[in-house]
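Next come two complexes built around chain A: one with chain B, the other with chain C.
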Partner chain A sequence: MSSLLQYFVNGLVFSSIIVLGSVGLSIVYSIADFANFAHGDTLTIGAYGALVALPTLSGIGGELLGLPLGFYGALLVGMALAAAVAVATELVIYRPLDTDAIGMLITSIGVAFVYRAVLQAGFGADFRSYGIERSGPIPGIESALGVTITERSVVMVVCALVLVVGLHALLQYTTLGRKMRAMSDNPELARVSGIRTDRVLLATWVVGAALAGAGGVFLGLSSSIDPRTGFDLLLVIFAAVILGGIGSVYGAMAGGFAIGMVHEFTPGLTEVGIPIGTDYATAVAFVIMVIILLVRPSGIAGREPT
Partner chain B sequence: MSDDDPKRAADSGDDAPTRPAGSGEDEPQTGAKSGGGARSGGDAADADGSPIAAAREADSLRGAAGALVGGLTTAERNVASALGAFIALLLLFTAAGVINPTYLLYLLSLAGMYLLLSMGLNVQWGYTGLINFSVAAFFGLGAYGAALVTSSDAPITIAASPLLGLVAGLSLAGILAVLIGIPTLSLRADYLAIASLGLAEVVRLIINNEGQWTGGAVGLSGIPRFYENWPVLGDLARGTPTAAANLALVSVFVVATYLFLRRIHRSPWGRVQRTIRADEDLAKALGKDTFRFKMESFVVGSLVMALAGVFFAHLQLYLAPTSLLPTQTFYVWIAVILGGTGSDRGAMFGGFVIIAIREGTRFVGGSLPIDAGPLRLFLIGLIIILVIRYRPEGLLPPQRELVWPGASSSQADGGDGQ
Partner chain C sequence: MVRENLSRRTVLKGIGAAGMVSVAGCTGGESGATIGMANSETGSLSTFGQRNARGLEIALSDINETGVLGGDLEVIVEDTQSDSGAGVSAAQKLVNQDSVPLVVGAVSSGVSLAIYKSVIQGTDVTQISQNSTSPALTNFPDLLRMSPTGAAQASALADIIDEDGHGKVAVTHLTNAYGEGVAEAFKNSYGGESKLFAHDQGKSSYSNVITSMADYDADAWLFVSYQPEFTTMAQEAFDAGHTDIPIYGSDSVKGPKVLEQSPSEITEGMTLVAPSAALDQENYKQFAKAFRENNDTEPTAWSAYAYDAVVTAAIAIEAAGSTEPADIKAEARGVTGPDGTEVFSFAEAVEALGDDGSASDVNYQGVSGPIDLDKNGDPRAFEQIFQVQDGKYVSQGFIAGE
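Showing the complex of A and B:
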């Protein structure tokens, strides 16, 4: 029982990373209208942004939820860097293109490789970690429930929640959010009704990439990072987006949660007699994705695929 | 059929010398003869009463020579001269002793292998418009299928004949292509892109982790050469003779595949594929079962990729899961989009570009502040972006190769050409 609960906790933590990634991917998918294969590497950029900022910011005193305040500063730096890189990419590479969604998709692969090449040239291909001191599990919970919960997992889940709720508020209650939703529904109609679609598109990149950047920073916080980290996660994120339904932000939240849970429950499969090791957690996400494509290609919350 | 166009004849004649180099090991005299003989070459052979197969081969080789660089556009001239210069440079280096002749032959064999991969992807993406990001997986299945069946060090030793390995590799890839095609091919194009990228990772994971069947991350050695027990070829000395035999083998694969693909591309089947690429709804409205056609294209392309994998296993004699990394897939993508989507000539050009990137970075790498690995990644990414930005149709977009020989000038129905 306690191991199940432990998987659930791990799933919650991993889900918060996947949700941040999949929501950002989904919002770009629905508004910029192509599958952005560079999204995984945007995560990595965020992670490395925080890595660079941490030494300078660690001087800031004070703690919040057991982590130094400097970490939160680094988180913001990572998000900002990811957003800035995404906006620059949009302006320099995507916008001048005269191509369809498929051409954009292929270009985004090229972008992903360039991102990764730059990171690898700058930081090497080795694993890096943030070097924030680990504080160990929170004592009270461990003795009461037999579940290991560290402070940093609490931070990750809380931050992810804050960001997702913030996105929800942005989409539902602000003018920008309404414009974004209008554009995702029907870009032409949005443009003739006077929405400056190119500005909304930039805002979309900022939001999507910043969320991905946050996901990347949390990834770095929970384990270590290397230039391939984000690309390796891309498949899992895509599985979440397809499970939720391409283009649906709320679907992506649900899909990210579900895929993150499944990913972390994979070790439990061995215990109930299904011999699938943890090495195959990614493969399990893939299989779920294929099943969804067979049974309900529009996903949990998606519109009919066209 | 009597369309002896002197201009074309002159062109193919001129270009004949580059042709053997372009596709590997073909005997120069074939290229020269067919090129010089111009359009009537194939017909003449037919009239002589030689076997039909021979006539068709001569005809096709002549067509291949013409199709490779027989065009008149500046792009084609530039590409041809660039290729010529590249090969001349390689030969020069070899003559000067910088490049070992065995290594040169190895490089050309590798170029031939990438050419096969590019032609396979070209069937899927170029003909039909299917985005397959799992080139590495089909390549890897072909390679591992062949290796596991033939290797003397395989965890489950079968050590069968390489021909059996060829069958095994191709079957594995074919089955997997059908399995991945079923859920994705009836959906929007980007689903296949996502699912195939995932598939490639899963295949690599399985090969990496199931050491008891595949040798795992350590890799698999003890693979025999393809022509191990053949009469003459099997007894070749190591070094240059073996390398030459490998090059000959891949040349046979390439020529056979090229002729087969050109034949099906020009057939009604190929026309339906191009219609699907241009407008799938139109193809449906014409009563075509587009799912079936897409599946066929996907499987055919995957088989060609697996063939490249089989060759690779017998070229390297050692296999590791690192050969299945996604980078491999995107090398091939560059070759196809740079060469010209839908153009098999373009794919040939692309094969050499890959070699230039792969091996070129190794030479240059030492003198630059950036390592070879990231430099390669960067070049792959940059080339993809630049091609889509400035030349989305590729350097050698398909032209006459879609038209039956003779149809373009003497008959009015050249309509299915681009």
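Showing the complex of A and C:
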């Protein structure tokens, strides 16, 4: 029983990274209208942004939820850097490029290589950690529930929740959110009705990339990062987006949560007599994705094709 | 009409002759030689790859002081990204496009095997792996390697864990040729109870592995992994509060970055077995000195293997007296011994070979040890035991292979 609860906690932590990645990918897909393969490396940019900012910001005293305040500053720097790079890429590369969705997809793969190469040239191919001292499991929870959870895991889950709720509020209750939804539904109609689609598109990149950047920073917080970190996670993020129904932000949240959970619950399969090792966790997640898509071809929250 | 025919023939002959000259130019025979190297410049094994690059630099400067076949040895280096797919492309480029007679490669056992099976096997090209230690490579006699088989390491680990009094071991290993090879070899030579927990390379979370290992309730944990993967697992093991389980590791989880970035509560007291260079030999001391001058760190056994792989290649070319792949292949194994005059450097080897010497005339004693490649292409094993004490790897002695 306690191990099941432990898998759930692990899943919650891992999901929070996947959700941040998949929500960003999905919102860009629904508004910019192409599958952005550079999204994984946008995560990595966020992670390295925080890595660079941490030494300067660590001077700030004080703690919040067991982590130095400087970390939260570094988180913002990482998100801002990811957003800035994504906007610059949109303005310099994607916007002038007059091509279809497939052309854009291939271009974004090229952009991903450029991002990674720049990071590798600047920081080397080695793995790195943020160097924030780890505190181990929270004793109270360990003795009460028999599960181990660290303060940094709590921070990750809480921050992810705040960001996702924030995105929900942005989409539902602000003018920008309404414009985004209008554009995602019907870009031509949005343009004729007077929405400045160019600006909405830039805002979309900012939101999507900043969320990805946050996911990257959490990756760095939970373990270590190297220039390939984000790219290695991209396939799982895509699975989450497709499972949720491509283009649907709420679907991506559900999909990211489901994929992260399945990934961490894989050892439980052996306990109930299905001998599948943890090395197949990603494969199991993909099998679940296929099964759900067979039952519901448009994904969890996808719109039925009209 | 006849005239025109004749002139066309002349032209064709001319083209043929020109073609032969250009082909002759490609395969050498003139002076100098070009070989290829497939190295992990990026990816999980990049720390090995970077040190290999330093080893290569020193090897080249030592070799080209004397010169190969009266010219310079050139090495074309391609990145394998520590990945089989990229590794095979790198080797294909080297063999098919650059037409090198010999490829030094690769670091990862899985990549070495992939290169051997899809590019090298069935050709006359020689492959010397610089750093692969999977027992699986023993099954491919023509795939030579400078680093000893992990089977030796696995049995050493089994003995140590047994001596330390642990009867139940959770082993987590990578799902590649190296990880599976060493883990299986451990399971076979270990007397107590053990269970294998596989994990994939390059994942951002291994907490599912750590949780299931904790459920197994073992006396000790053994990690057969790479440095970034081990670091992530050490961090997660600490986060999950598993600080009182004694841990052991294979050579590939050993590195200064690992100790820097892993919680010391996990790594302190960790015992590892790693292949060792010939630390007392004069040529190793010189290699180490050159290594420290170019960089400010100590060399590793791995960089010594890379150095020896390049020097062995150069001696083989010199013994063959040509850059014909088949000629080089015939000499490569023999130049490492055990027959012939013991030589400790490339210059000594050239002297011992004289004008028409062959493999049986030289016995290269590498900076990494005696080498003496056997019929399976494996060198003689020489392993060192380390324990982490006060955040440093402290030597606990050596184990020599048969």
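Note that the second predicted complex is superposed on the first by the 300 of 306 C-alpha atoms of A that agree within 3 Å, B and C clash if a C-alpha of one lies under 4 Å from a C-alpha of the other, contacts with A are read in each partner's own complex, and residues count from 1 in each chain.
By definition in this document, a residue touches a chain if its C-beta (ideal position, glycine included) is under 8 Å from a C-beta of that chain, and two chains touch if they have at least 3 such contacts.
Just so it is clear, the structure is predicted and the values come from calculations on it, not from any experiment.
After superposition on chain A, the partners chain B and chain C collide with one another. Within the superposed three-chain model, A:Gly277 lies in touch with chain B and with chain C [touch as defined at top]. Of the two partner chains, both chain B and chain C are touched by A:Gln120.
Of the two partner chains, chain B is the only one that A:Ala239 touches; chain C does not reach it.
In the superposition on chain A, contact of A:Thr229 is made with chain C only, not with chain B. Within the superposed three-chain model, A:Tyr250 lies out of touch with both chain B and chain C [touch as defined at top]. Within the superposed three-chain model, A:Leu219 lies in touch with chain C and out of touch with chain B [touch as defined at top].
Of the stretches 26-34, 62-70, 80-88 or 98-106 listed for chain B, only 98-106 runs into chain C once the two complexes are overlaid on chain A.
Within chain A, the residues touched by chain B in the first complex and by chain C in the second are 120, 125, 232, 277, 279, 282. Chain contact summary for the complex, chain A toward chain B: residues 34-35, 37, 93, 96-99, 101-103, 105-107, 109-118, 120-121, 125, 231-232, 234-235, 238-239, 242, 246, 277, 279-280, 282-283, 285-286, 289-290, 293-294, 297, 305-306. Against chain A, in their complex, chain C makes its touches with residues 41-43, 46-47, 50, 175, 197-200, 202-209, 211-212, 215, 227-228, 231-232, 235-236, 238-241, 243, 257, 261, 263, 265. By the touch rule above, chain B contacts chain A in their complex via residues 129, 131, 133, 180, 182-184, 187-191, 193-195, 197-199, 201-202, 205-206, 208-209, 326, 330, 333, 337, 370-371, 373-378, 380-385, 388-389, 392. Residues 3, 6-7, 10, 13-14, 17, 120, 124-129, 131, 134, 136-137, 142, 148, 150, 152-153, 219, 222-224, 226-229, 232-233, 263-267, 270-271, 277-279, 281-282 of chain A touch chain C in their complex.
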